[in-house]
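Chain nomenclature is as follows: A, B, C, D, E and F, assigned in order of appearance, with residue numbering initiated at 1 for each chain independently.
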Amino acid sequence: MRNDPAVKLIDSKGLRVDGRRLDELRPIKMEVGILDKANGSAYIEHGKNKILAAVYGPREAHPKHIALADRAVVRCRYHMAPFSVDERKSPAPSRRELELSKVIRESLEPAIMSEYFPRATIDIFIEVLQADAGTRCAGITAASLALADAGIPMRELVAACAAGKIEGKVILDLSDIEDKKGEADLPVALLPKSNVISLIQMDGSLSDEEFRQALDLSTDACRKIYEMQREALKLKYHIVRDGTEDKEEMAEVKA
Amino acid sequence: MSATQQFSPVAKLEQKTVVDLILKGKRVDERGPLDYRPLTIMLGTVEKANGSAYVYLGKTKVLAGIKVETGTPFPDTPDEGILTVNSEFVPLASPTFEAGPPNENSIELARVVDRGIRESKAIDLKKLCIDPGKKVFMVFVDVYVLDHDGNLIDAAAMAALGALVSAKMRAFEVHNGELKYKDEKIPLPMLNYPVPTTSVKIDGTIVLDPCLEEEQVMSCRLTVTTDKDDKVCAMQKGGLGVFTPDEVKQIVSTSISKSRDLREKILSKVK
Amino acid sequence: MSATQQFSPVAKLEQKTVVDLILKGKRVDERGPLDYRPLTIMLGTVEKANGSAYVYLGKTKVLAGIKVETGTPFPDTPDEGILTVNSEFVPLASPTFEAGPPNENSIELARVVDRGIRESKAIDLKKLCIDPGKKVFMVFVDVYVLDHDGNLIDAAAMAALGALVSAKMRAFEVHNGELKYKDEKIPLPMLNYPVPTTSVKIDGTIVLDPCLEEEQVMSCRLTVTTDKDDKVCAMQKGGLGVFTPDEVKQIVSTSISKSRDLREKILSKVK
Amino acid sequence: MRNDPAVKLIDSKGLRVDGRRLDELRPIKMEVGILDKANGSAYIEHGKNKILAAVYGPREAHPKHIALADRAVVRCRYHMAPFSVDERKSPAPSRRELELSKVIRESLEPAIMSEYFPRATIDIFIEVLQADAGTRCAGITAASLALADAGIPMRELVAACAAGKIEGKVILDLSDIEDKKGEADLPVALLPKSNVISLIQMDGSLSDEEFRQALDLSTDACRKIYEMQREALKLKYHIVRDGTEDKEEMAEVKA
Amino acid sequence: MRNDPAVKLIDSKGLRVDGRRLDELRPIKMEVGILDKANGSAYIEHGKNKILAAVYGPREAHPKHIALADRAVVRCRYHMAPFSVDERKSPAPSRRELELSKVIRESLEPAIMSEYFPRATIDIFIEVLQADAGTRCAGITAASLALADAGIPMRELVAACAAGKIEGKVILDLSDIEDKKGEADLPVALLPKSNVISLIQMDGSLSDEEFRQALDLSTDACRKIYEMQREALKLKYHIVRDGTEDKEEMAEVKA
Amino acid sequence: MSATQQFSPVAKLEQKTVVDLILKGKRVDERGPLDYRPLTIMLGTVEKANGSAYVYLGKTKVLAGIKVETGTPFPDTPDEGILTVNSEFVPLASPTFEAGPPNENSIELARVVDRGIRESKAIDLKKLCIDPGKKVFMVFVDVYVLDHDGNLIDAAAMAALGALVSAKMRAFEVHNGELKYKDEKIPLPMLNYPVPTTSVKIDGTIVLDPCLEEEQVMSCRLTVTTDKDDKVCAMQKGGLGVFTPDEVKQIVSTSISKSRDLREKILSKVK
């Protein structure tokens, strides 16, 4: 986070570098069930982010000693392809990827009914094919769809989006340049129906008041993304096996 | 891969005791919900380090040491020194810590401490440039957890801050990119003093500065790091539970005021 | 250490079905013995990479990305750029893939893809020298297996070739060993177009392009990579079975002709 | 593989740098049973290659979860001593060594009656003490002897040798300089009695016709090496325990 | 070890750089039971060395396959903090740390009654917070106290101290500069009551006669350090729970 | 972490036999207590190495190889070459050796061999400086244990010494920090010849050069390395037992005289 006066991130009309308003999301595209071998999968394009998520499980815990007697172990790997960023990234997991794997897991676990599957594992894999700021949020949104696609019972879907600050203004959904040149980034994951936060991180500089604004902006955006997730799930089930679109509904009713 | 953690089994009865107290507005160690445990800071205990601080937060003990060395800058910040924060959960500190490379909890702690220092611009890294693109000073902050009785992030960040503000490096001049040391010692170029406070939610109630017994029954935690100007500079939620947006806002406001006291306490230690 | 692999158990009945079909000259997906599955190639899907190609070979999916960076040449080829092929069997792609460093199958795949490119002299590495002995361009080919339904080597090598032929790097000039970039983009200096085809032996019968079910019952496989001039540039046998010399000769002849079609298909995608 | 015009690999008499004809093997020396602790061992000098192979097993699988219910697990490690090559090699296994360990294992397994030893492991260790092109082939030849020396029942011995191409001519058994300056290398392992190929790899450039020539050359050579292997085994058993030389015969009969 | 003529390690009065006589120990401070979570712990300052030792166990062996049927497995990790030395040390264990972990374990095991705890582990952790020559000896002295503090039955305490040689003279307890500029270092660990040596290493150059002198010097010093250990244990038990100071006595009587 | 080792079970009866013999002043292989096993040294077997030595000590076999390369000196010894000793317990040598990075026994062996060479100043490292602070020769000593029948440290150190004294490097000149090789070969600049001897204590009796069966019943071992001037230059105790000070003194005296014979034997091999 650095405030670089040479770069103008908001123009005279109050529009951002990519033409968005301050509270506007980037274009988002979601697709469910696109992999053959995974039990569930989803693909998301959020701005220029391109991310695949897949779920395997519930399956037998391996090695056995990691199993828990009263619930499934949820495992999560967030990983970036070497070609996903400007400078080639080593495929070995970085400290950043290890941290994100943890907070993403913790953002999804509250929504998963892991108590239904003692001694099993539910494995979530997120592969960032192209990164453009906000990969953890887009990854959570996609992983949530992949979990639903795998038929894992969930209390509800999880949707995620960041807010932040550039040139003194609170804005929604930072792009790469806004993340690098801006003043704050606040990724948030929401369980929209319960209106509870399962991931929140921040870096940069925000006053108490700015923080409250940014939090409201991001939770509102999560609710919009949640609607898109529902559409994506419906679309998949319309196409793939007509008549079964109420599967996700069921999962929610159970919750 | 990150995996749901196996907690060491805590007797149900013991868990119930902790929760029952919380629900009555009390705590196992007789504090109020928003009270911090007694904090003691000893500076300069490791003379071979450029700076060091030993923090006792209740029974939690953390030692941080600073080493200043020279190295090559990152290509995207050729005129800035390098800050590296590393954390070791040495197996001295807890029956649950194992020897080996840092696990995800240790990495998360180091990255949250790092974020507070970096995002508050606590160190003036431009002043640590020797020869742009070629040679800069590297500031290593090594956090050593020695006794784990809960709330390691706050203890570690305060030890790191204490070590940084009391650190001395050799004074230097640069002539045509050539580094020359002088005889006297100077402090690090510090611009800000980030302090985190961590709150946890236990059965719907928010309490500050959890001890280990409380962490074992918590639903989730939220760490908020604020700077000398009351700005929030870093946040991190942990754990398998959830917060309402109002709870988060309340925790942020509380953290801002609580950090002021802690910051003052740390800075008062430095002459 | 390399160890006999534990295959995920496949029901005997299912195995029998696959073999019985093969013996009748048929296959589970209704192809003939020497038919390839439908091949789709999408170029340039990852804009941040210098080149990329997404290959669908039946239900197998592989993404390859190219990154061009600068680095130091190897001492024994001071005036040549560096080619590095890496492969990741990401756990998205199969219940049998595990997170972690590449295993022997992933390494074998990367090395076979590498051998095809290197031995056919597909890239003019001399044109990627900047300052002999000091600075050259490095071409990283990263192969990402996303869905494993068999014949990963062919899919990976074709994705790598597609990504290479469609890759763009910034045009450059070198003055006295100093690198200067220009505004336009240029393709990589490609000289050859290696394409592998893999055959497997199932109960004495040779079939091309095995799907996963066929790999699970195969005795062994043979990959033959040929170049634009119908020369064989790389071969690799795998699996616990054996080939007669005549079978090997037959497979090589078949591969040479089959690769021509595949090569044409890939090159037709590049404008 | 690079064709370097400055170096002359074939002289006017059609002889190679080391004086060999195009279809001539390098000098080969084999010795069986030279280690004390291993269950079986062999040493080979093939040209300047100096390679030790040892076998431990059949022994109890460790860790247990690697065991197979219906056969022995065969494990193989091909490894080069740091001082075996011109520039010191790090002792950590390289990607090349990992690949070769796999293809060498796959070249030997067809000959091993692993079905006799369910839940056991048979461990094959190949140490290259000095390398001079063709280490994988010489390693296979030696490992096959070590397996026989360990008394592991085998369908037959495995013999291996490379062919290749230099200055446009197909040749047998490349030396180090021929491998580096030549145009193709084709290592082959043969089960000579059944006349089947258990290892084949190639790099360089060969026409269909050249490939056929090279393949014939290498399989012929494998048969010669096989005769040497039999001699080496006989020699050992004559010396060590006279009268037991038909042990290998027996193993073959079983097959 | 290098003899650097520019540095004067012994002055005209026969005193060393820090004013000590040739056979004089550095100031030593010990404290027992200073950590809350460990079963036993101790802190030592020996010269400028600052070292923490902690003991966990006897506890269930994990993973199980390391357990021994007839005794406890003793495990030991000697580790240096990155800031403990002049140039920052990588936290990954060095070859030196791995060797010292082994010889320290072997110096303590003869004193531990590990046969009382079959299938268990006793884990000893030594963290060097500041290093100033002689860390292995000070670490052994502290670890021995931590074992006693954990209530592990011991035959007796182990005390350790080095002797060495500077400027041709045999001396006791080398400081950092004496270790670097001197001619020999001889660390020794003693079980003082039985007068037996459980650790001895040496590097440098000593004649047979010099070695004998140095060995006598170091074993004498171990006996002095042993008395300090007893004082430290008494102090702890006086303070913490008055009346139980004979606990260590008991352990010794058992031995 | 270092852990008590699990020994492969040795039949009690077999153990008793070894011990009973020792108590009678005899040994399993009919030597006397202070006799060394037959020692054979073959020099130069690995022609591609700068030096090599194959040591047979009874049935124990160790191969050491020397490689001389150029590299950067350590900052604290800018004008000295670098000595690196590495040891591989390759799994050929024993059913108890496993493939993988060196374990603590292998590291201990390498460090004891290293200490003997380094502390006796066996190699004149100053003569291996090319350009102070920038470029020096690095001498790699790689010890390869091929057959483990006990007393690996002595066999390894003697193989290392044999390889060093017989090693040849290319003659060189340095002009203004520029390295120029000459045609002839020269030996390494050797100044001293350290030789270790290892004694073990079995049921109170001290014997030299233990074979594997003796190591399996020993209480502890003591390695004493002495140099050409009868000075002790390195020592290492191993094992879970203890020595009396008198035992240690006796072993040191014995080692000094025993090493003389071994040193002579090794040096006599070099022309």
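Couple of notes before you dig in:
Note that in this section a residue touches a chain if its C-beta (ideal position, glycine included) is under 8 Å from a C-beta of that chain, and two chains touch if they have at least 3 such contacts.
This one's a predicted model, so the numbers in the text were calculated from it and none came from an experiment.
The minimal number of chain-to-chain contact steps leading from chain A to chain F is 3. Among the other chains, the CA centroid farthest from that of chain C is the one of E. Each chain gets a centre from the mean of its Cα atoms; the one farthest from the centre of chain B is D. If you average the CA atoms of chain B and of chain F, the two centres end up 47 Å from each other. Once the centre of each chain is set as its mean CA position, chain B and chain E turn out to be 32 Å apart. The set of chain F residues touching two or more other chains comprises 1, 99.
Multi-chain contact residues of chain A (touching two or more other chains): 77, 123. If you draw each protein chain as a dot and join the dots that touch, you get one closed loop, with every dot joined to exactly two others. Chain order round the ring, anchored at chain A and oriented towards chain B, is A, B, E, F, D, C. For chain D in complex with chain C, the residues that touch the partner chain are 1, 66, 68, 71-77, 95-96, 98-99, 101-106, 109-110, 114, 121, 123, 186, 191, 194-208, 211-212, 215-216, 219. Listing the residues of chain D that touch chain F in their complex gives 35-38, 41, 48, 50, 52, 54, 56, 59, 77, 79, 81-88, 91-92, 123, 125, 127, 129-132. Across the complex, chain F meets chain E through its residues 1-4, 6, 104, 107-108, 110-111, 115, 118-120, 220, 222, 227, 230-245, 248-249, 252-253, 256.
Chain F meets chain D in the complex at residues 45-49, 52, 59, 61, 63, 65-67, 69, 86, 88, 90-95, 99, 101, 140, 142, 144, 146-149.
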